[in-house]
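Below you'll find the structure, written out as structure tokens, and then a few comments.
Chain nomenclature is as follows: A, B, C and D, assigned in order of appearance, with residue numbering initiated at 1 for each chain independently.
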């Protein structure tokens, strides 16, 4: 399904090479001031063409608000946001009509649906995230009014943590017709305690689902994450004094519910599967073929994942804020 | 919310020290043979008292089927499964009425609800997983009829991978009044391609949410997981020939949809927060106090998480199997 | 699906001749005092054996609370309520294993599931409503704290509106081995304006779905209902002055949202399909057969529908109250 | 919420005087041929300006498909359909900024949201149904491939059943600055047995909710509907022989599940609340004022409700068809 959230529910639509990509937001509280200027900056951080290290496609990705706003304020009605697709070159993709790109959804979509829009990945394209980012920007606006901020950053690319080394790794991967992966950390500060539900609606469960739902993400951890596997309980528990917690190994969530501390999330991003290097694959007829994925692809998707991850975390928190208020 | 799944929808209920813990399964196809013998073995693997290294509480955890079965078969009606609580000693927990245990949900529940069943963690107790395991056993029965198996194992405890060393780590933690964490790997074999949905309903997103919804889990990864952050695209992509994939870095999922390969999931389990070692915390009045968590606690919850993680993966797959069939 | 509601979500389970019938309530706010005495009276109004005009089955229908309550208050955890089935005589129903009762779900369940619990209708039995009534009683308790009341009454039975005539109609139908239908009106007073959502979540849409989901209900109307088909707009619109509305043709709902006036609902209840009179039907082998439905059936289900309809209206209002609060 | 359906899930958006009205369809099976020509005819039946008896607004209501289609076929991705608003005159509505129109959602929206798009009713406008009708047309296309048809007709307007008398009633209401109500009947033929679920997901419950969710509908009945209140069980039960049912008092649904007979639904439609006749109301400041609702309004909305009701019934059936297949 293409919807996410219970209370601040978004529905994503559109394909890479269709007319538009967009999102419907259902459940945004009425009376919030909202203009495209609240949304465009996050989209601008997501779009390609802003650095020599990202794709050279020059997409302006201008958001339009089609509904749900009256005289500059939300009305409680669904908010439709779209970005028109431009500068898409379908011919770049003709070879992909029959060949399955390694590491892509081509094979699995074909198996599931028996039909597949091969142009730029269609629905599995990174452009689909435009809707999420636009909706996330609306959530961030609302959260900021409650003093909540969400900030992501690159922790590591291809094993390197230093910005200069990261740049060098990406450049050399690009030259080699290859790509590299990395790790992003996202922190939400200012959250009230009480967000999230016990059992299946745990805040960390919602976050994990949201993050792993971003294409290219292969791992999610909260607080100390995988490092807990090497620790004693006495090291990992966060003691309290009368002012609160003395450490934050838990990453701001206890028993699935926010504690009021920073919420700390890390995600592992795989190397972009679209690479110029020749790879072996098969076509829809079962023949073994070679493929060199042309087009203008990011040698490292990590920088552009940052705003998407911020958006997804904002959407989860927004949803929990609205849930929370029900029981006050 | 206490429900999980869209098509094979389970609702969990009950507290550690209440009358029962249980689950309602809604959406189980009619006409499947089902008896308590299909369910009890997985519950037996979850229950404590089976090894010197787990809690010494001796809970029999006998499952009862209250509805949804007629003459040994499912009817399509909701299946209610309960386990009566026995051998619970509420007095063990009297100290916890006012003190917040470090690493537990005590503080966050109190903040969220303003009321809290302090006895054994109430709803946040590990006993809540009994419902999930019982429902997972029903899913496993169904999946097995389609040739799908789900198998979990301990990969690592407190940095050790060798079974004997693991046993030693747990024993020494127990003696020290402490606890240790670890990593569990769960593999589903025999899945057809096509399970999962693009975008928010990605199979890996559902799995990540399901796994992170198990108490004590702090990280989830699929396939190569966090290791992708150090790899080239040309290493990480799985090439194909006419018989299928030549490697499985992806962990059986591409674009959120199963590829037919093994689905490979790993989860990080934190050290049990209940430890005898004295820790600093606060009470509900804001006073700083010391706490030594008594009772009969597992020094390492990793072994008992294995069947819970198997159950959760089975529930996700079951749900996707029923979803899948709509588009055939 | 066997769940109802978004925020105060109930899941019904159990069959007429199984071990129990029951309900799980998920989403009840924490901190509300709740005992079985809050629930039993509404169940008592629903149960048979209380009048010579209802079924002579003597079911005590004692409710038990299995979870979600701690020291007399709700904790925010799921509340499990069950009633054990007693005084059920499965042998009464042996003939129905193969014959489809006219007016019953026997044929359609068989077609849908290929298997059917024929004993007393199994899941389609009126006993299934016990869960709804128990959950409705919890909702009524909450609503009463906000000054909202829900009251049902019989408007008409077999064309008669006078209580004495109604009694006579039912008695004579019973003697004739037949049954009669009627109309029930349910009024909710004290509702705040603003309950319900535009478009698909209209309060009247939710009510209509809830009421038509009661077995035997064949029609639902709000306010003037079907009578609007003979009216002018100038008659049907409710004018306002500064104190509010001057009439209530709308039945308390405008544009799907409560106006603060009384919410007025009427439902049409069909004659009980189980009658002693001989009817023609077919069996599962396709043979034409005669059937006289024995057992102890109500010659008129209308009186026992009243508390069920009250419960369903209360559940809808409760759900909207919790939704409402999200946007305040 | 602005979504409807579980499996064929539609999300409606847009206001009367905004840029567009539209719908997202999520869950349409892949591989179905679909063009705007499959959708436009049902929209044309809904639009005004086609008869002297409907509103003289001349809206062309041209549907555009923005996503979900590839080379003329559905791909399984969300289908976005929009109609651009034209010929809307916002100035017609300036008086309504402060006055509450009797019989409209103006007062209740103001109470619920504290803000209200007064232009043409904004979200509560009849134009919102364009999205439902467009989605319904897609459902009808799918259903027709399974031999299912859905047909609506006017049964009665202002007490008259004869077409000529109906025309006269509408004309004279129009001249008097007034409006009239009526009854519509919708029949679905060719449905397989087994659609719908026991308990809360009964087919008739879904239909009742769908129909009552159409603005102006105040009553819904299935089969014999309210007439069952005057009948004996022996009259109302539908006997069977080996070929099926001998009558259809039930309206094609037994125990909430389709029987394979025609599904028969009737709805009561209130007189259009927008009338030129002077009425008393209040404004947002609490002053009593008079109002004459200008603009170009339908003196009887009954004819234009017919395609909307067909669409809603089609959406319910479509949803149940996709649900059904899970249990085969």
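Quick note on the criterion: contacts are C-beta pairs under 8 Å (C-beta built on N, C-alpha and C of every residue); 3 or more make two chains touch, one makes a residue touch a chain.
Treat the numbers as computed from the prediction; the structure is a model and nothing was measured.
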item	value
Reference chain C; chain at largest CA-centroid distance	A
Contact-richer chain pair [C-D vs A-D]	C-D
Centre-of-Cα separation between chain C and chain A, whole angstrom	45
Chain centre separation in whole Å, for chain D relative to chain A (CA means)	37
Interchain centroid distance [CA atoms averaged], chain C/chain D, Å	26
Of all residues in chain A, the ones touching two or more other chains	1-3, 6, 12, 30, 76-77, 112-113, 123, 198, 327
Chain C partner contacts - residues on chain D that touch it in the complex	1-4, 6, 12, 100, 102-109, 111-113, 123-124, 128, 156-159, 173, 178-183, 193-194, 197-202, 204-213, 215, 218-242, 246, 250-251, 253-260, 268-275, 277, 279-282, 286-288, 324, 327
Of chain A, residues touching chain D in the complex	1-3, 9, 11-15, 18-22, 24, 26-27, 30-31, 66-68, 70, 73, 75-80, 82, 112-117, 122-123
